[in-house]
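Note that chain A is present in both complexes that follow, paired respectively with chain B and with chain C.
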Partner chain A sequence: MSEASTLLPHASSRHIQRRGLLVLIYAMLLVSIIYPMLMILYESLFNASEGFFAHAGSVLTDRDVVLAIGNTLQISVLATLIAGSLGVTLAWLVARTDMPFAKVLDPLNMLPFYLSSVVGALSWQVIASPKIGLLNKLLEPVFGAGPVVNIYSITGIAFVLGLFYAPYIYLFTLESLRSMDASLEEAARMAGSSILNTAFKITLPLSAPAILSSFMLVFVTCAGIFGVPQVLGTPGHITTISTIIYRAMNDYPADYPTAALLSLLLFLFTAALIVLQIRFLKNKSFATITGKGYRPRPLKLGRWRWFGFGVNLFYVVLIFLPFTALCAVSLQDAWTGSFHWSRLTFNNYLAVLFVEDAARRGFSNSLIISSVGATIAIAVCFFLALIVQKTKLPGRKVISLISTLPVAIPGIVLGLGFLVGFISTPLYGTIWIIMFAYIVHYLPTGLSNMEALVQSVSKELDESARMSGASWSEAMRKIMFPLLAPGMISTWILLFVTFIREVSASVMLYTLGTETLSIALIRIMEYKPYGISAAFGVLQTLLLMGAVILLRLVTNRTSSNKGAH
Partner chain B sequence: MSAQEKTSQNAVQIKNLTKKFGSITVIDDISFTVKRGDTVTLLGPSGCGKTTTLRCIAGLEEPTSGSIHIGDTMVFDGASRFELEPEKRNVGMVFQSYAIWPHMTVGQNVRFPLDIKKLPHKERRDRVAEILKSVGLGDYLDRPASQLSGGQQQRVALARALVFEPNVVLFDEPLSNLDANLRDHMRNELQELQARIGFTAIYVTHDQREALSLSDEVIVMNGGRIDQIGRPEEVFAQPKTVFTARFLGCSNIFKGRMSAPSDDGRISLTVASGITLSGQHHGDVPPVGTEMAVVIRSNKIKISQVVDHSGPGMHMLTGAIESKVFFGTYIEYGLRVGDLQMKADCDVSTHYDVGEQVHVAVNESDCLVVKV
Partner chain C sequence: MLQKLLNAIVLGALVCAGPVWANDPPPIIKNEQNAAERDRVLKLIEEAKKEGSFHWAGVFIEPEEAKKIQDEFKVYYGLPNLKMEYSFVGSGPLAVQVEQQIKANKTNFDIVWASAWSWFKDLHKRGELLEYHSPYYDQYTLSKKAGLSLDGYWASDARTYQPMYNVKVLAQKGITNFDPKSWNDFLDPRFAGLVSLGDVNQSFSFAEMAESIRRTNGEEFFIKLGQIVKPVYFSKTAEGRSWVGSGEFPITLMGHGKNTSVLRKQNIDVKLVFPTEGILLMPDTPVILKKAPHPNVSRLFMDFVRSAHGVETVKNSGAELFFGRPGVKTSDPELFPAWEDVKAIPMDWDSSTPETIKKIRDLMKKAGIGKAG
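So, the complex of A and B:
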């Protein structure tokens, strides 16, 4: 029997071991994904004292809930439109035109992908809060008193989300454009079509499937996100579904059935959209990739190239300027709306690092959770990827399907599921339950990366090592591991970064003493002077930037390795 | 002939065109003219600069220097850094990958250039119907383009390039993605269509059969330069260089130093110790002692067991059979003649064994003396 690949020792030969392995995997997926979701269902169906229908009726007709649903939809639509127009435009400029400095702007456009949108929200307060916002102060002489821009609004929340999710759409569009056969566009030029007409008639429609699926991803993410709406919505009393779920759980006593019902609603909504997207993509994807790798000549924008540069630079400024302002705020003992050298101080940083217990705990908890969690996630995902890609085990399709399920579960919903499911176990109240939730939430990301990695290494490389006389473990150590290591390291860093800034699941699962970095930041924002939160936000950003630089070093080295082959 | 008449006859005129990618020169100072209504082929191996030349004419690549005229319009001039955008050159192009837009129907693909020109709707419909009919896709108007076979895509690409009556149609190895049978078929169709509609075409290929059968003029390119320009018969029968000879299928190439030319214009070369071959030379006679080469097509070399081809103007040699390969319509024998190795294509009725001693005869008129 040669059913399993040589990557798995003995798995092919021993039937019983194989059965045991499958049972173990199913049990793992059942406990970590299916069980928490079933607990939410149970909680909403059976635990309301007045019965499910009466409860559901009263919740769904509650003015606050209806309002929150409306806000959530408005925010998600607006944020998707902002992220979409930015992401698509910038990707086209970078991939297809002779915009100056495109090579420099490309990584800068991607940067927010790795940063925390909560810190983004924090720093946009400095710019556009109604009372002390720099922009409002600047515009006061022009428009008179009263705020011109207000970040504590639906538009404000959507704006910050749009800025931070633009890189997702940027990335998808860029990949689609770069893999597209350039002669499809050149044929349009030869037929007499101008640059802009070609972009709208040929380029955009052809990459529409990729672009639309990234739109859907951003829309779903924004519908379930907690951090930014919490930070920017609280001052202006703007609620979303996720913030009212949080509020239901923070009431005393906590209203489990209501939180569970709303979570279920949110989950069904996102899941429906994702199913819709998969359906849509099935019929609509065009094979536009060609074998002949003719480097498309960048479109000449003429004098418009500097306009394109200006557009892209504007985006970079929208990311960096508020952060610069945040740095300025963090270095002042009290923020008065402008920077004074006389007020320069490092006390805020000292306070974050040495005085504020919550902040210090946030750092140490998040570092432990993120590094251990990323390691476990890589191990689990690699193992699952081997099973799915390299064996013919029955049921591997089911494993793959269940493992991608968390894509459709918003973080706050998963957090609630874990809370309800594991509150009576010793896991509750530790940092490990938070780590557990992170791993499950990002299982699809890790798994797809690992599957791509495992696929990229051909089975014959391993087999030829075996034929050359290497044992299974020698082949693993000397051939497979060196080939796989760079991809594993870059995925590890990606997960580490994602875990460091995670908010939505953590907010359901943290207890006093197990605050994560982002939770500590949100808590400190609620009751501490602004300078301290600013310093905290700056430190978190520096940590994330450090990880990004590391990531670029690793990926650059691998791509130059690949180039040498 | 006045200057104006001269230009109006030319569909494309290229002068001193050079294209560099960084420090690599891909096109090295080439000039040629394409007459209105002609089909000109750029023939050469990959990397010879033929596709880049085509893309420079299209405007998809920016030349480093030189000039390009399409009809009477200057579309590129290196000296004044003038460049006309590709969409304003009124040039049709058939891409190697066909570049059929998969999100449109066949009709929408072909109508696209007319939509851009904003022609009256009736005219658009009529012209699309007409051109689709002439490429044999009359019933395919509303068929999604993503459901076409390779040959059908090829026809749509052709229709799209012809429908707006461009000054010139550029073909970038259009048949190379088709299988052998379909390729022959499409080549014939292309020929018929050209004869019927009479468009001007520049055709890029590395296939000598395509080049010879389709063109009024063949331009053989090598390393970014033009090796030879001429009518297909001329280039095939009288290659001027070893490169062109080899690229057009001459497999016997023997280098040697030239001795003094004879009275009848023949040149003799000593190609190996004791073997001197003489043959036709076209063009200027180089000085005595120059290294040249004799090229002979393998079907012109005759083998026999007894001397039966002798006569005036025949080279008579003796050698041994070294190899024998059966190719269906002929047998290719490998010969050892002194220090030379030769190839001879013979009738399938011949039966020589490896090791057998044979007489080898070549007519002097089948020997060409060319530049190395």
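So, the complex of A and C:
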């Protein structure tokens, strides 16, 4: 019995079904991924009144655009370096050394991955805004008037992005370091190499492919990110490509051709980097695991182990401290740069829950979009993973390739594509277009998780069920789903959290009435930069933390079940 | 005597219409003396009940103020179950959203309320506004006299943008002898990095305000402002207000009486300036969109906010304006002097076009205001 026949229910009509299935999948992918990008291309090529070349010439030589491109590059490079140094150092400390409390710090290091970087930016505004930031106020008696730190700067934006994207590099590096053959390090140490020398000359070079790949991913993400540059860049006059795309669409009259042209530029840039990353990974192997049995042993840091602990703790403090400051601001009736007991109030929370329509809508819209969207995304990704991994349908590799494309499309670009492409459909002006865009944008994430899950189920299990007389649906229900359920739930929660904090695509697609949580927060910050925004940020963070705790519970239960079996 | 008799007849008629008003008739019906008008309103109320909801957007009225206005509207018209949504947004993004919806043929706003004369005139010209002759428009005589009404479409209030500053924060920075009289008094090197103003790219009203200063003080004002003071942009005046309050940017060139009043209620010492060159009285106008999904609630709401009771409600909500209806007693004559007592910068609103707005945006860009760093 072929693999394809184990998947498809009626063997007699298999041929017709195969064709129908392929047409359906290709149509789905064309409409959701290729068509929006073609609409952007069309908009930039044919809709500029002065013609494409004249328009492109004037846009690309505009001083603001040139500055924005320069800023984007600077921010992306700096943020990647910050995230890289943090991520690699923390991963090395946790995976390869005897740093105390590594098991406690490991999940804490991942926390920013699940939190909203927009809330992070808001929190850092409270700490390090040039005139009333708590840190600047604190340091004023020592250094005199004038800001010591300025979060409204290129460095400030890169710093916040670096903190929030460090977990991406941390995760990649950690996995690589954990699977490394420790004997190489031991040999170096026995030959008299110092700990740092061993780390730089043996450990990190062995993990270089994983580290560089994650660097590239962070760089690409930062180049297209919208939320943090918008929140911190506006007061400091710092623009990036994504913020000028947003501005082109938000100033009246909206400038579609310019937004489309800049989106195209941004897409080509990120796509080129992704292609580079793929090519780079193709030529490298993760040869950190040798064929012989090994057991990674941690390096002994001696008296430096507490220093390592201090470094890691400092990172955790950099995440939690601003959030604490945000909580303080949320309890003040007016923020004047310092906390006053006389200004203590809970009214900001009441306003978020009962007065601010945008906030209320943000909560309900985001919960609907994220829960329904994550469910649909899981179903779609599972279906595609089955096709790619468990069938021999012709063209399944192309399906996989097209499904991976959105990884190279920045959210704001995809959002613009959806807006231009679907404005004349009933989807426009609903929360469903936002949900649709999220599913497409995170299709690569969902699909890679689902492919890994589907791959993990041996085909013999499925085949023996079918040979014992079980129908296709019975085999799926009784064999596949029970085995895949925990992994599917984890992926569902991961997508739910990602959808809750998404901002880049939504900013192009929301209408007043369909705001998501992050959009509502950005909108409220425009007229309530402190107090109510802080309360809103705190509530959003609590929601995300709840989801993270749930995720931990599910994954822990899954691990313990696996252990028991 | 005749009046009392009429009232008795009205009340009798209302009692007979028992099924319509199971309990008490709403105040608007109780207070209305004219039978024809009462019938008209009753019909609108019945249609409004069927429509069930209403979505309005504005650039000046803040969410907590909108809540108070909505609550009173529902009570006054006996529509307790009406679902009302409000969106507070800058006029630029509002225009973009409305235009997108018109393009998509899917309007979800009923009423938009903004200082956006040129855009509203353009919407009117394109037939995108709902014609409605509210009986209260005629009572908006100040608006009509100032040329800020368009028969069958709108009657305006007015608002201003004026300098506003945090006295205590400036004193902490050693600036104590500060009593500005003119716009030019803000061209002071001591204020470098302390001043904010509205983003002319995101709002018609900020752009029109900047245009009025250009008229009185010349282009030089902005060139010097960019060179000497290097102000930052905010998206909404409420953001500038928070900055003034917190001391982050303790001076704004585009504050107004309402924001001064809000900060003073928070025990923050702020001053509002009435420059000798004058200030701009900008029309602040609610309009009903042609394809409003709830046209009858929109008509009732328009009646409400143009009526004496509605204007009092708007004023008491905190969203105090220079009302186009005469006889509204100001809550604070220092912050809100009578319309006729304000030295207004003359402005021909019909000459305000997208081109003039583009010119002022270009000037600000040339002056380096809000430039990318």
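Operating definition for what follows: the second predicted complex is superposed on the first by the 543 of 565 C-alpha atoms of A that agree within 3 Å, B and C clash if a C-alpha of one lies under 4 Å from a C-alpha of the other, contacts with A are read in each partner's own complex, and residues count from 1 in each chain.
As a working rule, a contact is a pair of C-beta atoms (placed from the backbone, for glycine too) under 8 Å apart; a residue touches a chain by one contact, two chains touch by 3 or more.
A quick note: this is a predicted structure, and the numbers were derived from the prediction, not measured.
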{"item": "When chain B and chain C are modelled together on chain A, clash or fit", "value": "fit"}
{"item": "Chain B versus chain C as contact partner of A:Leu512, first or second or both or neither", "value": "second"}
{"item": "Touched partner set for A:Thr61, first chain B, second chain C, both or neither", "value": "neither"}
{"item": "Which of chain B and chain C A:Asp181 touches, first, second, both or neither", "value": "first"}
{"item": "Contacts of A:Pro235 with chain B and chain C, given as first, second, both or neither", "value": "second"}
{"item": "A:Ser49 touches, of chain B and chain C: first, second, both or neither?", "value": "neither"}
{"item": "Partner chain in contact with A:Met190 - chain B first, chain C second, else both or neither", "value": "first"}
{"item": "Chain A residues touched by each partner, larger count belonging to chain B or chain C", "value": "C"}
{"item": "CA minimum distance (chain B, chain C), superposed complexes, angstrom", "value": "43"}
{"item": "Touching both chain C and chain B, counted on chain A across the two superposed complexes", "value": "none"}
{"item": "In the complex, chain B residues that touch chain A", "value": "58-62, 85-88, 90-93, 95-97, 99, 101-103, 112-113, 116-117, 146, 157, 160-161, 164, 170"}
{"item": "Chain C residues within the chain A interface of the complex", "value": "55, 57, 62-64, 66-67, 85-97, 99-101, 103-106, 108-109, 119, 173, 201-202, 204, 232-236, 238-239, 242-243, 245-249, 263, 266, 268, 354, 365, 370-373"}
{"item": "Chain B partner contacts - residues on chain A that touch it in the complex", "value": "181, 183-184, 186-194, 197, 201-202, 205-206, 208, 286-288, 290-292, 297, 300"}
{"item": "Contacting residues of chain A [partner chain C, same complex]", "value": "63-64, 67-68, 71, 129, 131-132, 145, 154, 234-239, 247, 249-254, 333-337, 351, 355-358, 361, 419, 423-424, 426, 428-429, 511-513, 523, 525-530"}
